[in-house]
Structures are given as C-alpha cells and as structure tokens.
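Next, two complexes with subunit A in common: one pairs it with subunit B, the other with subunit C.
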Partner chain A sequence: MSTGAPVIRFEGIRKSFGPVDAVAGVDLDIAEGEFFSLLGPSGCGKTTLLRMLAGLEDPSAGRIRIGGNDVTDVPPFARPVNMMFQSYALFPHMSVADNVAFGLKQEGRPSAEIKTRVAEMLDLVQLGEFGKRRPHQLSGGQRQRVALARCLVKHPRVVLLDEPLAALDRKLREQTQFELVRIQKQVGITFVMVTHDQEEAMAMSTRIAVMNKGRVLQVGRPHDIYEYPANRFVADFIGEANMFEGVAEGEGLRVADLECPLALEKPLAAGTSVVVMVRPEKIAMSRDGDGAGANRFAGEVAEIGYHGGVSSYRVRVGAERLVRVTSANRRHHTEPAVERGDRVVLSWHPANAVVLP
Partner chain B sequence: MTAGRAKLDWGRRAVLTLPFVWLLAFFLLPFIIVAAISLAESRVGIPPYVPLFDWTQGGVWPASHASLDNFVQLFQDDLYVDAYLHSLSVAGISTAICLLIGYPMALAIARAAPARRGPLLMLVVLPFWTSFLIRVYAWMGILKDEGLLNSLLQGLGLIDQPLVILNTDLAIYIGIVYSYLPFMILPLYATLERQDPALLEAAADLGARPWRAFLSVTLPLSLPGIVAGTLVVFIPAVGEYVIPDLLGGSGSNMLGKALWDVFAMSRDWPTAAALAVAMLAALVLPLGLLNRLQRRLEPAEEGA
Partner chain C sequence: MTRRPLLLPVLLNLGYAFLYLPIAVLVVYSFNASRLVTVWGGFSTKWYAQLAHDERFLDAAWLSLRVAVTSATGALVIGTLAAVVLVRFGAFRGRGLFSALVAAPLVMPEVIMGLALLLTFVALEQILGWPHGRGFLTLVIAHVTLCTAFVAVVVRSRLSQMDRSLEEAALDLGARPAKVFAVITLPLIAPALAGGWLLAFTLSLDDVVVSQFVTGPGTTTLPIEVFSSIRLGVSPEINALGSLIVAAVSVVILTASWLLTRGEAERD
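Coming up: the complex of A and B.
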C-alpha cells in the first residue's frame, strides 16, 4: 500500500435528488495504488459517490480532485478514470477486441498500437483467444473480465468498480476476488470499488469507507473496521455483533437485563451510557463453571447453526437476550457436542469488547 | 422428455394453425386469383377477362389462354414504367424524411422521464383517432392556394402570391410524411427505449464525446428499429393511392393511382392485376434483403 499524495480527494461532496440527500457531505482521500472500497447497505449513497467520481452525476456541492486537479466540472469523457459497470455494459454489437479497443480509438491511437495493447490486455485477463467473439457468446465471468480489460487498457489513474462481483455465482466470486486483487497489484492502478458485501470488501481492500444514509461513518483498514468499529452502525453492519447497552457504574457497566455488571477494560465516568460490543467469536462457551462473577453469564443454547468450518450458537441469557457465539469446529468430533437446550456459561476478556458511544 | 416435447410441439402447431389458415384464405388465395387474372386476356363482359382455361373444346386437357402479354405490355408502356419509378422515388424520399424527423422524436421520447413517455407516445398516436381520409382532406384545406398556410403567410406579409403546393409532388411528400411518421416513430422508439443507458455511460466513460457515442453505440444498436420503421413506411407508401389522388392532383403519376385508373376507369382487370403482381414482385426483393439484414442484427442485440 502506497502512502503518497491522495490521488482522489472528495471535498464536502453533496448530491441531492429532489428532497433526498443521496450523499450528504463526504470528505475523503484515497491514496495512489490503493484498493479502496465504498461499503454500505443499498441506498447509502456509495454508487452515487462512485458515479460522481466518473462524472456520470454532478455533485450538488463540493469539489472532486483527481491527481490534484479539480475535475468537478470535467465531463466523463475527459476524466482520467474508467469505470466497470455492474451490468458490465459491454457493447453487444462489437466483438470482444473492439470493445476493449473502443477507448483507445476515442483517443485516436494508431491502429498498430491499439492492436498490441488490446492483445496484451486480453492476455492479462486470460481471454487471448476470445477477441473475435461477441459478448453474448461469453460466460458471465468472461464478460466481467472483458469489462475489466476495457477499463484497464486506457491506463487510467483510477479504475472504478461498481459491484464487480454481484453478477457472478458464489464459487466464481471468491476466485475472482483474488484475481482482481492480483491484477490490481500487477498494473499498480488505484481501484475504487463499490460493494454491499462486507466479506468481499474485507477480503479485497486495503481500506474501506463504511457509508450509511449518504455519510461516511468510518474509514480504515479491514482489520480496524472489524475489530474497532467507531459506532453502532459499523459494528452491526460489518460482521455480527452482540450489543450490550448500559450505564457505567463503579468499575463496570450495568445492563438492564443482566444480573451481573459487565467488566470494562477501562472504567468510565459513572452514569455514562454506552454500548459494549462483543464479536461472537470472542466469546468463550463452556459447560463448566458457574454463572457468577464479572463477564460470566449462564445461559441456555437456543439455536445452533452448523456451517461446516464453524458453528454459530444463539444462547439465551436472562429472559429475552440472545447472545451470538461462534466457535470453530477444530476436530471431527467436538466431545461432548453442545446440544440445543444445554446449559452453558459464556465469558470473554474485557479487552475483546469494544465500547461504543 | 421426448413425449413432453412432442406435446409442446403439438400445442404450438395448433396455435400456429389459425393465423396460418387465415393467411392462406385471405392473403394467398386472393393473391393467386389476382396472379391468375394477370395472365388472362381482357374483354368486355362479366367477368371482364377471358377465363384462363377453356373446357368447351373437349378433350382431357382444357385449352389454355394464359400468357405473359400483360406483363410485356407493362414494360413497353412508358406510363407504367414511369409510375413505377416515380412511386419508388416518392416512397423512398418520404421514408428518408420520416426517418430524419422520426429518429430525433423517438430518441427524445425514449430519453424522456418514464412518466412522460406514455403521454408523449399518446401524442404520436393521437392523429389515428381521426379518420385517415379526413386528415388528408384537412391537408387540402391547409395547402390550397387560398388555404390556411397561404392565408397565414400572406397575412404576415411574407409572400405576395400564394404558394402553389396543392396538386404538386411537394403536397404528396407532405401528405405521406405526415401520415406515416407515427409508423416510423413507434418501432424506433421500441428499440431505443430498450437500450441499456449504461452503454452510453460506458461510451462516455471510455472517452467518447456525445456525438461519437451516438454514432458508435446508439445508432448501430437501433438498426433493427430503423429497418422495421423503413419497411413499415416504405411498403405502403409505394402503393399509396389516396394521398397522391387527393393532394397530388391529376398530374401525379403513381402506381396506386395508375392501378385504380386501369382497374376502375378502363375496367382492364388483367392489366391492373399484372401491375399489382409486378409491384409486389419488385417489393419482395428489397424486402427480403432488409429482412435478412434485420435477422443478422438481432442475435447481437440479445447479448445486451
């Protein structure tokens, strides 16, 4: 990951569609060579932000800089970015090679140069043999790679990817994640990807901006965002989270429906109301021990989901609270296996919990 | 699996039979009768032609009176050749004008906000609420020497003498373009509306200015619509009778009018039939070519 000057800078970007603010004030820097993801639920403004970067939407306010130049008023055909559309938007009446050559032809490159660059690019995406085919003669994964080649061939400063993997089936999607990252490293171009799939964003990105309701809620490396979410929305949206809402009291946190207070890593001023978030895999579950003491809670296993490599449990603590716990199935036989209805004790180290405002 | 398939095929065949029988009874059969008459000899009487086969002579085979004389006569008579060429050129030019006016209109409707497309299309189709004949008569009122257009222009002081438009070829062009424009707009709209807007965005993103994007993406992808619209306008325009008769006056020499004159005025059914067959034959050829072009374009479109 490069730490040079930002290649992209959003300054106070807003976009209103009628009374609705799709993007409600975004300031964001993206560094050269990053694989940057805009992550959020549908309607959070991530695609609008990407389209403004491409010049396909005009911001209602704010400036956009690419490579230091203000491109806010530059039309899409003159911007040094290329976009891979969610539908791929391949030209159906052109061959694969003509699709890839399209951008170079607009630049008026000599035909010999176009030919070599198109061939190189098709080789890079492993479609060297497919130049003469029409898009409708290709599989979904092949079309996706043509779309990528069409973006990369112009050597843009930034490649924009709008849900690049959404149209692929699960197996191909995982394979393509690595492939995209490999190609990004190879060409060294900054990638900005929009996705609603947090696993995809985590697996591929150098940094992620989590968005909701037109705002950026947190920017950071996947690890930061998962382990140290800045607020409840991010904690809940990324991965699974157990939230304990309570008021600081003495050394710990008093939670309304729990008998014992939660232990905190650092004490808070008495009376502060906060949320403590614990990831399901940070919670240890055992059938031994009693349910007394700090951060130890007795409960009953209400649901079990077996996913192969891991199992997820919902444990009823108190009258209404269901605590999510996941644990890896390390051995062929977990002896003795936890069954539904079993009494268990949950515990976690306070350092593995995050205090959210 | 095979049984299910056979059943499906049977069902499909049943559904297809009705239109097939319809076409056979009301299209092919009448055409065969017309084609037969075109080979007969004209006479004064009822029917006004000599029957093709004469059974009165006796023997196993009837004596035949069929001949291609009528067709030979068509080609020898400059009047018909002229009418033919003139019809083709009027229809061709009118179709081109329809395309030039209709394409931007169709594009504008297809690019309008979805809520506006319905009303705009309605406006295109609105003239059909009035009878075609009445609308052509209305154009007579507009175009004649003391008509609406000339009164307006004279009232504005733009011209001293009325423009002579009615009973000229210009009036025919105006009439045909006006009448057939909706038939050009509708198929064009259908193909343009289906185009994925992301394609144009992709073109712009890859560096194409709007005009280049139009020429390299929108236009080629709308070719099926252009072909369909051209066919739907050109074919009836070649045989158009009412418009040249009412707006073109007696001087206009177009096929439809010639056909009517021969058929009704001269009561020469065989020559009229030959004219009709010749017109059809000459239309089928360019039609077949266009059709093949359209079929070649379609698979590309599915890939979108």
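Coming up: the complex of A and C.
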C-alpha cells in the first residue's frame, strides 16, 4: 500500500516534443512494493512517463528519483529498473534461456550463477522446459512470460510494464492479470504498469494514477477512484457514470431537464453550479411506486443490454435524458423483469451520489 | 479440365526469350568447336581449356576479384554507417540533404561519375602527390563510391523495419550502446548486410565505365580486358569466359536474394 518510503519520485516532470507537452508537470510518489498503474486514454503521456523512468526518454524539466537517488541523468543501462515492452521485444536470434540470461551477462555474472538464476526464473513463470526454444516457437502468452522473466531475473528495484496484456486475447488476459499479481507479490518488487484498460488497472493495482493530457488528475486506490472520483474526467473515464449538471437551490440541486430537484447529502451554498455523478449500479429501478418526491424519477425503458450476469438499461427521463442503470440478474427468470417501453421509477440514496466541481 | 488461355504462356515464353536468349546463345557457342563464332562446328570444351592457360584473362580476373572484395567490404562499412545514421539518429540538421546525397549515385550517369573521379584523382595527385598514379587503389576508391549507395539503400530498409524496442530492451537490460549494436542490431540486420555486400561485389566485378576512367596501365580488370579483346575480333574463348561470369553472377545474385527473403521470413 502507500505506506513506506517512496521508491520512485517524480518531481515536476515535463516532456515536450516540439510544441507539444506530452507530460505537463507530474509530481508523483510510488511506494516500495506497490503495483502501481498509470491509466489514461491514448496520448495522455502515460507511456512517455514510463519511458522516462526507464531512461529511454529524457525529461525536458524536473527530476526523477529511484530509491532516493537522482537518476535523471543516469543512462538506461545503469538504472535499477527493467521494462517489459508492449511488443515484448524478445531477441529473435536468441533462445528463451539466452533472452532471460541477457541482463545477467551484461552484469558479468559467473556462468554457473546465470544458469541457476535463469532456471529459477523460468520455473517461476512456468516455462522451465522451454529454455531451448526460440521466441517465435512460443505462443503469445508464453512470450509474455519470457519477457517478464527477463525483467525479473536482474532483481531490479522496479519493473515497468508497458500495456503488458494488450497483445493477449480476452480469456488469457483475465488469467494473466491474476498471474502477474501473484508473481509481483511473490518477488516483492515494485511494479509500475501503463494501461488504457480501466478494468485491468482496477483489478490489478494497489494504486492508480489517472492521467489526461499530460497531467495526473487523481491518484488513489481503485476503490477511491471509482467511488470518489475527483473530477468529471475521472468519473467519466473510469466505469460508467450518469452526470447531472445543475445549480444548488435550497436543500437540493436544480437540474434543467428534471422536474424535481436532486436531493443532496450535504446542502451546498445556493447558486453553486456543480455536477452530481451517480454510478449506474447505485440506481434502483422498480415498476411500482410513484414518480414524485426527491430523487425519484419516472421514466421509460428505452434500451436493454443483456450481458448474462447483469443487464444494463437506458431509461428515458424527461424529454432528452437517458439514465444508465445496471442491475444484477439475481433470479432464474424465464421472463425478463423489465421490458422495453415499460414505465419505471428510478431512485437512489443521496449518499451514493458524488458531487464534482 | 478447364480451357486455359493459350496466349498467356506464349507471351510469357516470348518474354523469357527476349531476356535470356542472347545469354543462352553465348553459353551454347562457348561449347563450339569451330574457331568461327557464328558457325557451329561440333561440341567441344577446348575454349575453356584454353582460357585456363590464358595469363592475360587470369590476371585480369584475379585483379577484378580483389578489387570487388575490397570495394564491397569498404562500401558495406560506409553504407551501413550511413544507413544507421539515417534511421537511428532522429531528425538532425541536414538530414534531408544527407539522405539525398547518399542515394544520388544510384541515378548518377556512370560516365559522369567516372570522369569526375578521374579529374579528382589527377587534381589530388598534383596537389598532394596522392594517390600516386592510377591502379588498384583508385579502382577501389571509385567502386566504393559507386557501391555505397546500394548498400545504404538495402541496409536502411531493413533497419527501418526492425522493431526499435529490441534495441531499447537490450539497453534497458544493461548493455551499453556499442554492445547493443554489436549483439542485437548487427545480427538482426545480418541478412541485409550479406545481401548488400554481394550486390556491391557484383556491381564492382562487372563495372566497365567507371573503371575505364580510373584504371591505369598494367591494371586491367576483367570486363575491360573482355571489351578490348572483342575489338580485336571475337574469339570463342570470350564466350567461355562470358558463360563462366554468367554462372558466377547468377550464383551470387541468387544467394543475395535468398539471404534477403530468408531474413524477411524469420522476422515473422
């Protein structure tokens, strides 16, 4: 977790490519033993930040510390970090064992030590018998594990993962998520992962930094980021969100296209304009009950998406607004509980809504 | 069986004939027993035997071989360096000009190149006293100039297709840049290096135009020797020599293209 001394510290890191700021001032601490994710849409600067940590890009301004030492001017081959590339970057002209041994050979280790450490590492990633193969003779999942072994074998302070699961198919990706977390716990090395896949980041990380346009917008545990997003971008990027933009009035919030005001947990100063965000699964939907009162809205089911375990609904409230609702399909229905065109009533407890500036 | 169009195979064979009939004629007549080139006098290998004892041709062939090996190697080194700079050093000042200048000899008329080189050598000799006279050294320098562009083009295309992250991964794993180049980059572009070398070798081996300008008395390359002996009347010995050259060049070209395509296939 976020206790302990930071193993990585970014201080005012900036990176410009010509007139474009890929990273526009990042201050960030990552603690020892964390599984930390940099999450954001493509072009948000997360990969550039990772590459600066590896030494493959030089920051235009700011300092980077690893384990307390300033490594900003240290070349990549002398940094105590190892990176797993998105393409895995396995050397095609070397066997799997030689790929894993490559880093140790550069350190000038005795060959007996190299041999045992490579064997240990291949066992850890369950590829003990594949040492003599060439990378092109392996499946995608096996290549990914070789790349991981090649990073871990040098016992770096930090392992950097650039979209580690992007090249795998869906089923394998889920399996590998758990596998990566297991290995990270076992070796106890800090992992920093770059991903654009929010579910992946949520499932694997101890903490996440959500980035957009070169800035870090929020840092926190997956739970914090999902339940208490700090701003509209994070709320919208992570999971699904219903946003109600309005002006505080009395005890509640007046929203332009809703008949009744939204109830708020804590009243705001009158006239403040804010956005209230409600996650789709926090909204209760029922076919009976009246559509009057605070936080109760009558609507009509416009669309249903059946996903097996859960169903997602879009409910038309008022003339324009579609409210997203998801609910678990708990019972063994033969008939769906709600059908398209049904009149329903939506409601949620004010405590389940988040007020965003 | 479906009726196959008759025209296509006919056209194909006409095309082949157009390209290769002259070479076939040359090879066939190299086995001609008659001294008259155009009259068939029965099968014989005597011209090959005679060729094997012809000091003039053998000396010329040996010289051509040495020039070709030396200049192909020189062109490989310079061409590879140029390619690495173009692909890996980012957008430095004058990159566009450099790229154009490296490739220019590909389209430069050989006559002009030969003349320009000759003038340069003469001027250098007058000012610096080097290179002294014209011979092996000037031939090699001229051929390196000619072949570097071809090597650069071949190596450049291979380098730019290579996954950059392979080199970054080696760097990240603790290898210094020079080591990365030696143990990662070079092995991965080896097929292109071999192909580029063979291309340069062939170009140098059969060059006449540039060589004519920059060679001196006593250093006659094989193509020049062939050229001058034809002027004195065609001997069937030339046919034998021609056939051998065709065979050698075919082997080299086939090896070069095989190396290049094999490299492509291995890379996925």
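List of remarks:
One rule holds for everything that comes next: the second predicted complex is superposed on the first by the 352 of 357 C-alpha atoms of A that agree within 3 Å, B and C clash if a C-alpha of one lies under 4 Å from a C-alpha of the other, contacts with A are read in each partner's own complex, and residues count from 1 in each chain.
Going forward, a residue touches a chain if its C-beta (ideal position, glycine included) is under 8 Å from a C-beta of that chain, and two chains touch if they have at least 3 such contacts.
Since we're looking at a predicted model, the values are computed, not measured.
With both complexes brought onto subunit A, simultaneous placement of subunit B and subunit C is prevented by a clash. In the superposition on chain A, A:228 makes contact with neither subunit B nor subunit C. With both structures placed on the common chain, the touch criterion links A:103 to subunit B and to subunit C. When the shared chain is aligned, subunit B and subunit C each come close enough to touch A:89. For the contact definition in use here, the residues of subunit A common to its subunit B contact set and its subunit C contact set are 54-56, 75-78, 81-83, 85-87, 89, 91-93, 102-103, 106-107, 136, 150, 154.
Every residue of subunit B that touches subunit A in the complex is listed here, in rising order: 196, 198-199, 201-209, 212, 216-217, 220-221, 297, 299-304.
Per the touch definition, subunit A reaches subunit B in the complex via residues 54-56, 75-78, 81-83, 85-87, 89-93, 102-103, 106-107, 134-137, 150, 154. Against subunit A, the residues of subunit C that register as touching in their complex are 163, 165-166, 168-177, 179, 184, 187-188, 266-268. On subunit A, the positions that touch subunit C within their shared complex are 54-56, 75-79, 81-83, 85-87, 89, 91-93, 102-103, 106-107, 136, 150, 154.
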